[in-house]
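Some structures are shown below for you to check.
Each of the two complexes below includes subunit A, the first together with subunit B, the second together with subunit C.
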Partner chain A sequence: MSTNKPKHIAIYGKGGIGKSTTTSNISAALAEAGHRVIQIGCDPKSDSTTILRGGEDLTTVLDSLRDSGRPTIADVSAIGFGGVLCIEAGGPVPGVGCAGRGINAAVDLLHELKLFEEFKPDYVLYDVLGDVVCGGFAVPIRSGIAESAFVVTSSDFMAIFAANNLFKAISKYAPSGGARLGGVIANSIQTPYASALIDDFASRTGTNVVGYVPRSLTVAQSELYGQTVIEAAPASEQADVYRQLARHIAGDHPVSIPKPLNAPALKQWAKQWGDRVFGGAAERRLAEVV
Partner chain B sequence: MAAHLMRPRAGCALHGALYAATAIDGVTPLVHATPGCGVQAGLWQDVGGCGVSWPTSNLSEKHIVFGGASRLREQIKNTRGVVSSEITVVLTGCPAEMIGDDVEAMAQEARDAGDEVLDLATAGFRGSAYHGYQSFLQAAVERTVAPGVTRAGLVNILGPVPHQDATWLAEIEELSRLIAGVGLIPNPIFGPFGGLSSLRATAQAELSVSLSPWGGAAVRALDDRFGIPWIESAGLPVGAAATGALLERIVAAAGEVDDAAARIFIDRERQREAYFIDRLLETLYRQGGARSFAVALPSLHAGGIVRFLSRTLGWSPAAIVVTDNPPAEHRSTLEDELPIVHYSEDDDEIAALIGSSGAEIVFGSSLERAVADRLAVPLIECAAPTRRLSLTSGFGGSRGGLTLLEAIVTASDQA
Partner chain C sequence: MEKALQPPTRERRLNGVSAYLGDVASLIAELEAGPPASRIRTFSQVASDDVSIALRVLADVEGLGIVVHGARGCAGALVRSRPGRPWAVTNLDQRDTILGADGNLARTLRRLHQRHHPWGIVVVATPVVAINNDDIQAVAQELSDELGIPVVELRTDGFRSRIGATGYDIASAALASLMPPQHGRRRDLINLLAFERGPGLTAVAQQLAGLGLEVNLVPAGAGREAFAKAAQAVLSVAVFQDESDVLRRELDRLHRVPFLHLPPPIGALGARRFVEAVAEATERPLPIRIDDRVSADLLEDRRVVIALPPSQALAIAELVVQFGGRIAGISVDWIDSLHVEGLKALTNAATVALHVGAGQAFELVNWLGKIEPDLLIGTPAVAATATRAGITAVAIEGDDLLGAAGETKLATRIGRALAARQNGFTAGLGTSAYRAGWLKRSPDWHIKREVR
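Now for the complex of A and B:
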C-alpha cells in the first residue's frame, strides 16, 4: 500500500483519437509495474475503462446519482486489469441536460466519498473528452484536481485544433493553480510526415512530444477482445511503447504553460504544412477541379 | 465588451415577467428554475412586495445534469391541480435555458390535454425586469388574446411595470381615474380592476396608451393583430398641465367622446392643482425658491418629473439620469424638450453624475441616499429600490404632481 501523495494526471484528446485506448494502456502499464492506479473516465460516452474491464458493464457515477441519490464507491467502480480501479463519470442522455456540470458533480462526489483517502492510489488518471467544449470539461485541470495534463493527438488538423483548445484552457487556469501541461502524446503515427508535424506544433506552442504511438493492428485486435495491449500482447513492441510512456508519466516529468496559437496563426500554420506535405501545386489543382 | 454593473436597480427578465403575471388575477406563473430565482424576485420586493409564493419546478443539480423537462411536466400538472387559474405561464430562468430543456414541448403537451399553458423564455441573460415585463406582455397579447367586438371608449393602459416601478399600481389607478374622467373606459390589465378578463379585453379596445418604452412592444402587437391605434407618451405625465395634454391626445384619438365634458374635467384638474400651488407658494419661496435638481429615475417617471419641476415650478435640472436603459428607438420620445439626458444602470456612474451636478435636491431611489447626504440635500424617493410604501400615492397624473409637492415640502422642511 502506498503512503505517498497520489499523482493526479489528466489526459485529454479529441473524441475518437485514441485517448481512452492510450490512457487505459498507460494505466495497465503502471499497474503492471506494481502501482496502485485509478482511472476515471470523464466523457459522457462512458467507455474510457472498457478495455481494462473486459468490456463488462459499469454503473456510472451520474447514473448512480440519478437512481439512488447517494452511491458508495463500490456502487460506481470496478476492479480491472492489474487491480486498476475503474470509474466512469457518465453523463445525461444525449441532447438533454448539462454534461459539463455532470463531470463537475461526479468529481465532487468522488471527493466527498473520500475515494483517494480510501483507495490510496499512486496514480489517478482522468481520461477527458478533449474538445474542452465548456467549463465542465475543464474541471480536471482546474485548481486542486490534476497537477499535470497530457494531450493525445494525431496529425489530423481537427485533433491538433482540439489540442490547441486544451492549451488555451491550461494557459487560462495554470496561473491560478490549475494543471500544467506535461506534453503531447503523438498517436496513430503511420505517415512519414506525422511525427514532424506534431513535433512542429509542440515546439511552436512551447511544449514537447513525450511519446510516439504508431498505428498498430495489435491495438485493434486487443480491443476486440476487450483488453489493453499490455494484457493481450504483453511481449509486443506496442506494449513497450505504452510502458515507456507510463514510465515518463510516472517520473518527475517537466511541465509548462503552453502558448496556444490564435485562430489565424493556427490556420496559417496548417496551410504551410499542407504546402509542405502535398506541395503548393495541390491547392491549385484542387481549385481547378472545383 | 461586457462590463461590470454595480448595484443594478432592476431584477432580471424572469423577475419582470413574474411580477407582471402575478399582478393579473387568473394568471398563475410557474417558475422553471432553481429555487433561488423565485426567492430573489420576492426579496427584491421588500416593502409592499408580492410575496415569494409561486409554483416552481425547484431545479436542483440533478435536473441540471440530466435535464429538468420531466420535472416541469410534473409541476405543470400539479400546479393545474392545486392552483385554480385559467392560464398557467411557465417562465424559465437561466439554468433551464442554458441546459436546453425543451420547455415548449412540455407546455404543448399540456395544451394538447386541453390546459391553457403559455411558455415564455425569460432567462436573466435576456435582460432586465423591464425586458421581462415587455416579453410577457407581448407574448400574452400574441398568444392568449383572441379578437373580439370593439367596445366603444375602451382604452388599454400599458407601461408601468408591476412591482419593479415603485408606484406602479397607484400610477395605473390614477391613469384609470383620469381616463374615466374624460368619459372613456380604462382597461388597466394589472391590479384589482385588471385581471384575465381585462387582459383578454385588450383586443376589444379603441385605443392603447403606452406610458413607458416597455409597453411599446405590446401596443404594437395589439395594432398588428387587431388594428388598435396607440399613443406613446413621453413617460408618465406629472402634474395637471402634462396630464391635460395627454388626456387631450387620448380624447382626440379615441373617437366618440363628449368633448365639452372632457374639457370641463381637464380644467377642473388644472384648477385643483393651481389652488394647492397657490397655497404653497410662500412655503416654497421660504424653503429656497427655485432650486436646481437632479433625477435618477426609470423612464416611466424621469421625463414627467423633470417637466413638472421645470415648467410648473420653474426649477432647473442639474442632472437627468434615466436608469432603466430604454431601447434606443424610444429615447427621442422620452427626451422630448428635455436638456441633456444621461442613460446609466450603473450605480457608481449614476452617483458620479448626481454628485458632480451641484443639485440642491435629488429625486431617485434609496440608492441615492449616500450621494444626497454627501451633497447635504434632501432626497425624494420615487423609484425602486425604496422603503417608501406606496399603495395609493404615485407621482403620475395631476394627483401625482401634488404628491410630489407634498414630498418636496415635507423633506425640505425637515432638511
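Now for the complex of A and C:
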C-alpha cells in the first residue's frame, strides 16, 4: 500500500480520438509496474474504463446518485485489470440535465467519500470528454485537482482544433493553481506526415510531444476482447509504446503553460500544412470548380 | 388554439436601452439610426429582473396557480403576494440540475392542483432551467390533459435581458395563451389592459363604462371569466401601452382583437383624450366634458426631474409643463423604440438630461447633484433617495396618476412639498450616504460600452 501523495493526471482529447484507449493502457501499464491506480472516466458515455473491466457493466456515480441518493465507493467502483480501481462519473439521460455540472458533482462526491484516503493510490488518471465543452469538464484541471494534463491528438485538423481549445483552458486556469500541461500524446499515427504535423503544432504552442502511438490492429483486436493491449498482447510493440508513455507520466515530467494559437493563426497554420501535404493541389481543384 | 410565441428580449425586439446617460435628443438620434450601442453597467441587487416582474404580473391574476420551477430563492417575488395565492416552488437542488427535474415538476403541479384547484397553472422557468433544459412544455401538456385545466410554460431565465420589463412581455405571452378563442365579437365589450389595479384604474374603467361599454380588465385582478371574455372584445386599450405591448399583440395575433394606441389616461386632459378616443372607435356618443385642470402657475418655472416608468414619465412631462414647470431631466429604468414619439414630444429635448438605469441609487444621486433640480417627481423609492440628497421630492405611483383625479392628486402633493420646503421643513435632508469625493466623479464612469 502506497504512503506517497497520489499523483493526479488528467488526459483530454477530442471525442473518438482514442483517449480512453490510451488512458486505459497507461493505467494498465502503471498497474503492471506495481502501482496502485484509479482511473476516473469523466464522460457521460461512461465507457472510459470498459477495456480495463472486460467490458463488464459498472454503475456510474450519477446513476447511483439518481437511484440511491447516497452511494458508497463500493457502489460506484469496480476493480479492473491489475487492480486498477475503475470509476465512471456518468451523466444524465441524453438531452436532459447538465453533464458538465454532473462531472463537477461526481468529483466532489469522490472527495467527500474520501476515495483517495481509503484507496491510497499512487496515480489517479482522469479521462475527460473531448473538448472542454463547459466549465464542468474543466473541473479536473481547475482547483488544483490534477497537477498535470496531457492532451491526446491525431493529425486530423479537428483533433488539433480541440487540443488548441484545451490549451486555452489550461492557460486560463494554470496561473491560478490549475493543472499545467505535461505534453501532447500523438495518437493514431498512420500517415507519413502525421508526426511532423503534430510536432510542428506542439512547437508553435510552446509544448512538446511526449509519445507517438501508431495506429495498430492490435488495439482494435484487444478491444474486441474488452481488454487493454497490455493485457491482451503484452509482448506486442504497441504494449511497449504504452509502457513507455506510462513511464514518462509516472516520472517527474516537465510541465508548461501552453500558448494556444488564435483562430486566424490556427487556420493559417492548417492551410500551410494543407499546401505542404497536398502541394496546393486541393486549392487549385477548388479554384477550378468555383 | 394557436400557440403563444416566446417574445424576444426588449433589447432585441424594441432596441431597448438599460444604461444611458446623456440628453434626450442624442438618444432619439441614436434610436432612429438603428440598434443603439450596447452598454453595460454595474449590477444592482435592487433592480427587478424579468423573472421577478413576470411573477408580480402572475400574482395579480385571480385564482391562477403559479409553479416556480427553480431554486426556492427564485420565488422571492411571490413572498409578498396575497395570502391564499396558490403558488409553489419546485425547490430544485444540484441533483435536479444535473439529472433534470421533470418528475419533480409533475409532482408539484399535481399537489398544487389538489390543494388549491386553480383554473389554470403557469410554470415559470428560471435560471436553473436555462442550465438543465427541462422540457417544461412536455410536462405542461401531459399535466394539462391529466388535470383538465390549462397548464402553460412561461420561459424566462433572468439573464437573457438586462431590462426587467421583458418580464411583462414573457408573462403576457403566457397569459395570452390562457385566453381561449371565442365565437363572435361583442360590440359592447372592450379589454382594458393593465398590470396594476387600484382606485385610479377603477376610475378610468368607470369613465369607459359611462360610454355604455362593458370593460374587461385584464390581466391585473382578472380571473377565469375575464380571461374567457378577452377574445370577444371589439378592441383593446392599455393604460400604459409600453408594458402591455406583447399582450395587445398576442390578442391581435391569436384572436384578431385590434388595439387602439393611446397615451396613458393621466391628468384631466389625458383622461378625456383617452375616453373620447375609445368613444370614437366604438362609435359611442361623446361623454360629458370633465374639467378638472389645475392652475397653470403651480410650478412657477421651476426645474423638474421626473423619475418614473417611461410611459408614466413622458405623460407626466406634459402635466409638468401644464403646471408651469420646465423639464430638467428624466430618469427611467429602461427606454425603447416605443418611447421615441413621447421623447420627441418634449419641447426642449436637447437640454433635457436623460438617465436610464434601474436600481442605481448612487448614480442617481450623483446625476441629480449635477442637475440641481427644484423638484423631483418619482416613485417612492427614488423620491426617498432624492430627499436624502436634499432635493424636494414628490412620491407618486402609476395608479395614483390615472384619471382626472390623478392631476389633482399630483398637484396637491407638489403644493405640499413646495410649501414644506419654503417653510424650512428639512427633516432628513442633506444626510446623503455618499462622500463628497464620490459625488465628484462623473456619473457615467461605470457605464461601459460592450466590447464585441
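Heads up, the rule we're going with is that the second predicted complex is superposed on the first by the 288 of 290 C-alpha atoms of A that agree within 3 Å, B and C clash if a C-alpha of one lies under 4 Å from a C-alpha of the other, contacts with A are read in each partner's own complex, and residues count from 1 in each chain.
The rule we apply is simple: a contact is a pair of C-beta atoms (placed from the backbone, for glycine too) under 8 Å apart; a residue touches a chain by one contact, two chains touch by 3 or more.
All values reported here derive from a predicted model rather than from experimental measurement.
Student: Answer with clash or fit: subunit B and subunit C placed together on subunit A by superposition.
Tutor: clash
Student: Once the shared chain is lined up, is A:R66 touching subunit B (first), subunit C (second), both, or neither of them?
Tutor: both
Student: Return first, second, both or neither, reflecting whether A:G226 touches subunit B, subunit C, both chains, or no partner chain.
Tutor: neither
Student: With both complexes superposed on chain A, which partner does A:A105 reach: first (subunit B), second (subunit C), both or neither?
Tutor: In the superposed model, A:A105 contacts both subunit B and subunit C.
Student: Let me test your reading of the model: by the given contact rule, A:P234 touches which partner, first (subunit B), second (subunit C), both or neither?
Tutor: It touches nothing on subunit B or subunit C.
Student: Considering only the touch criterion stated at the top, classify A:G206 as touching first (subunit B), second (subunit C), both, or neither.
Tutor: A:G206 contacts neither subunit B nor subunit C.
Student: Of the partners subunit B and subunit C, which touch A:G274 in the superposed model: first, second, both, neither?
Tutor: In the superposed model, A:G274 contacts neither subunit B nor subunit C.
Student: List the residues of subunit A that touch subunit B in one complex and subunit C in the other.
Tutor: 62, 65-66, 92-93, 95-99, 101-102, 105
Student: Contact residues on subunit B for subunit A in the complex?
Tutor: Subunit B reaches subunit A through residues 61-69, 98-100.
Student: How about subunit C: which of its residues touch subunit A in the complex?
Tutor: 94-95, 97-100, 102, 131-135
Student: Quick check on the complex: what are the subunit A residues that touch subunit C?
Tutor: Touching subunit C from subunit A are residues 62, 65-66, 69, 92-93, 95-99, 101-102, 105.
Student: Report the residues of subunit A in contact with subunit B in the complex, numbered from low to high.
Tutor: 62, 65-66, 91-93, 95-99, 101-102, 105
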